[in-house]
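Letters are used for the chains, namely A, B, C and D, taken in the order the chains are written, and counting of residues starts over at 1 for each.
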Amino acid sequence: MPHERLRLLLLLLLRVTLAKRAVAEAIGTALLLAAVVGSGIMAERLSGGNVAIALLANTLATGGVLAAIILTFQGISGAHFNPAVTLAVAFRGEFAWREVPAYIVGQLVGALVGVGLANAMFAKPLFFASHHARHGFPVLLSEFVATFGLLAVIWGCVRSRKEAIPYAVAAYIMGAYWFTASTSFANPAVTIARSLSDTFAGIAPSDVVGFIAMELLGALAATVLFKWLLR
Amino acid sequence: MPHERLRLLLLLLLRVTLAKRAVAEAIGTALLLAAVVGSGIMAERLSGGNVAIALLANTLATGGVLAAIILTFQGISGAHFNPAVTLAVAFRGEFAWREVPAYIVGQLVGALVGVGLANAMFAKPLFFASHHARHGFPVLLSEFVATFGLLAVIWGCVRSRKEAIPYAVAAYIMGAYWFTASTSFANPAVTIARSLSDTFAGIAPSDVVGFIAMELLGALAATVLFKWLLR
Amino acid sequence: MPHERLRLLLLLLLRVTLAKRAVAEAIGTALLLAAVVGSGIMAERLSGGNVAIALLANTLATGGVLAAIILTFQGISGAHFNPAVTLAVAFRGEFAWREVPAYIVGQLVGALVGVGLANAMFAKPLFFASHHARHGFPVLLSEFVATFGLLAVIWGCVRSRKEAIPYAVAAYIMGAYWFTASTSFANPAVTIARSLSDTFAGIAPSDVVGFIAMELLGALAATVLFKWLLR
Amino acid sequence: MPHERLRLLLLLLLRVTLAKRAVAEAIGTALLLAAVVGSGIMAERLSGGNVAIALLANTLATGGVLAAIILTFQGISGAHFNPAVTLAVAFRGEFAWREVPAYIVGQLVGALVGVGLANAMFAKPLFFASHHARHGFPVLLSEFVATFGLLAVIWGCVRSRKEAIPYAVAAYIMGAYWFTASTSFANPAVTIARSLSDTFAGIAPSDVVGFIAMELLGALAATVLFKWLLR
């Protein structure tokens, strides 16, 4: 049955044009960012100053929406929602390089729309720069580890249990919110978009480049390691 | 196997008369409302004034019961529990219009029974109007986004991974409780019924119409978009 | 595949003698009670007086262990762990009446062992009567609703998606802990055993009979209703 | 399909050399320890002194990462991450004794790397001995029960529903964090590594031997019992 489902997914993918798949990436990434930023605002507003309770709520909301949107879009666009994932899959030759720009543009546009929606749903300015400082060696190491782990989970599951990826990725990210000092952004599009909301989930624009560099390094390390491991 | 299971579900559906399916919708919706309203009362009672803790409990209870009742009734009635879903499925031609009234009546009756049960289990009046004001642009936008996302999840999953819908919908709603300013009612029957309990999960009767309008618009938008996306 | 798995389960069941299956029921019920009572003690000890936080932890622990033990024992004994379930299944003719006593004895012995283990793990007396009063109409109605819902979930899933029962039951009970005023015992063996620990999850011995009566009534109502619904 | 998947897993295993599988055990165990220790530090830092909230976060993070890494590595190394599991599987004749040392070395090295990473991500010394006393009869009994339950779950699931093991083990451990007085280490490699971080999840080095002894006894008891139960 996994074979049959894979074949069905493949047929579906071939029938869905690149434009539609890029739109799917945009919708999914918009819902992801709305969830991350919106639940951060709600959590901070309600938690009476206990940051652990706020982060628990933020974790639950992110995990729930992540599982739901990967289940929703895996059969349409592959449900990357993450330039690091798109680049890693292309790097391994399992995704056409010529389709990478459309995917990344879709992810970035979707991420911005999602943050704007979250801000609007909570009566904030559509976009306003974050002042949340996130830098220093521990935080940068955290982003490396977080994205290494994310790609490890994806590469480990993609061959033998592709249908479990929605649950595996959501479960991993829920854990990674807590075991990394950076709360595990692990996604360049998410990192850029989160700089545009000065709320719980924000990141100061000046810290964005360092995060993205470590995310790409972490993704590369896991991709190279699993290429050897699964050869 | 998805084909075989779909066929089995179809055969089962054909053998279950409309009356039984409407009763199934009523029971499921009653359990859903009992969960939403009852856990809200319990959560507010125990949480010592920390609204984030109360909403976490309300989220967990809603998500748990939602997954359980969709698993329970998906093979009997399709497990809509939501007029917006019934209308959207009929709009797409995958549900007979002549069966829509029975489903919606079942959902409404069930929702009222569920709220009455929750109120009775916590020694409240069977029905008493809520004073919880929920209006304004951010909240209305929230209901649009919440229901758009719910239908997106349903349309995305229904073709290639119908068996994952119980988990996808529950996970999505758990997230949406936190990332929307309205705590994501996303269901006209739920909205009406929640106006009849002046407790944590209530909504003032005067705000009901606005909620339902945005829910139907959100459902329509997602349905049209996914019709194009999956064509 | 569901057919093949059902056949495998059946073959397995036939090869496992009644004695072994009763022991399996005892081990599973012991782990369930250890989880319910033990996590209640730990939760109350750590939560600094916030009952909602304590019940959240109790809910998570119960749900986790419930899913795990049903997955573990479903292929061995059917994973009832509950006299109301055993009686309901026998009532519907899907379980031999002559095997009912062994199952219920196994469940009762296991429940007592589990409570004793929980008490011992937290340095309490092995058994000591609870003073936690749980009576009155709202609480009794709650036990009826809780057990009705539990059996509804079981009957709804058992035909078309038996493999999802572990998740459905755990998710339902996690919700029911919050949406019923009784925190949803929904199990006569659990009810009896919980009277023997004067801790968070306890119930005064004098309230046990009322609980069990409502649990059996709720189970009967759901069983009769679903017999009609699924005919 | 379970048969087909089992066969695929077997073929995969045969093609993956022992060295690669030991590396897989190391990576997985490193992620597990990073999750346990790192989320403990984060949780204690944010929870404002409420230990129940801290343990809830620690539980969620451990469960999420555990599910994710078993899904990731089950098809590569079997995803033991635990010397007690490796020994139990070898004891039952389902794993070659000559491969046990490589697995345990991989698990120990990975566990140390994971603790070092967690400490580094939170700007602590790479390794520093814990002062968290964990001894006495209740705590030792707890480790016996915790590991008994873990192996029961594994043996119960491994034959009829191997693909559910990631969810069953994660759900069980999330429960066991709360229903045992020791917070359920249930893993000798984890126990040793956690002695090297003087933070929330630590254990004093002098208490390590007692824990490991009870873990091995618990694993042995469950393995012998299930050998009889499943014969």
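Everything that follows uses one rule, which is that contacts are C-beta pairs under 8 Å (C-beta built on N, C-alpha and C of every residue); 3 or more make two chains touch, one makes a residue touch a chain.
Just so you know, these numbers come straight off a predicted model, no measurement behind them.
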### Same-site or different-site touching of chain A by its copy chain D, using the half cut
different
### Query
Taking each chain's centre as its mean C-alpha position, how far apart are chain B and chain C in Å?
27
### Summary
Between chain A and chain C, the Cα-mean centres are separated in Å by 38
### Query
For chain C, what residues touch not just one other chain but two or more?
1, 50, 53, 56, 60, 63, 167, 170
### Query
If each protein chain is taken as a node and each touching pair as an edge, is the resulting graph a line, ring, star, complete or other?
ring
### Contact footprint of chain C on chain B as seen in their complex
1, 4-5, 8-9, 12, 16, 20, 23-24, 27, 31, 34-39, 42-43, 46-48, 50, 53-54, 56-58, 60-65, 67-69, 71-76, 117-118, 120-123, 163, 166-167, 170
### Summary
chain B contacts chain A in the complex at 1-2, 49-53, 55-56, 59-60, 63, 136-138, 141-142, 145, 149, 152-153, 155-157, 159-161, 164, 167-181, 225, 228-230
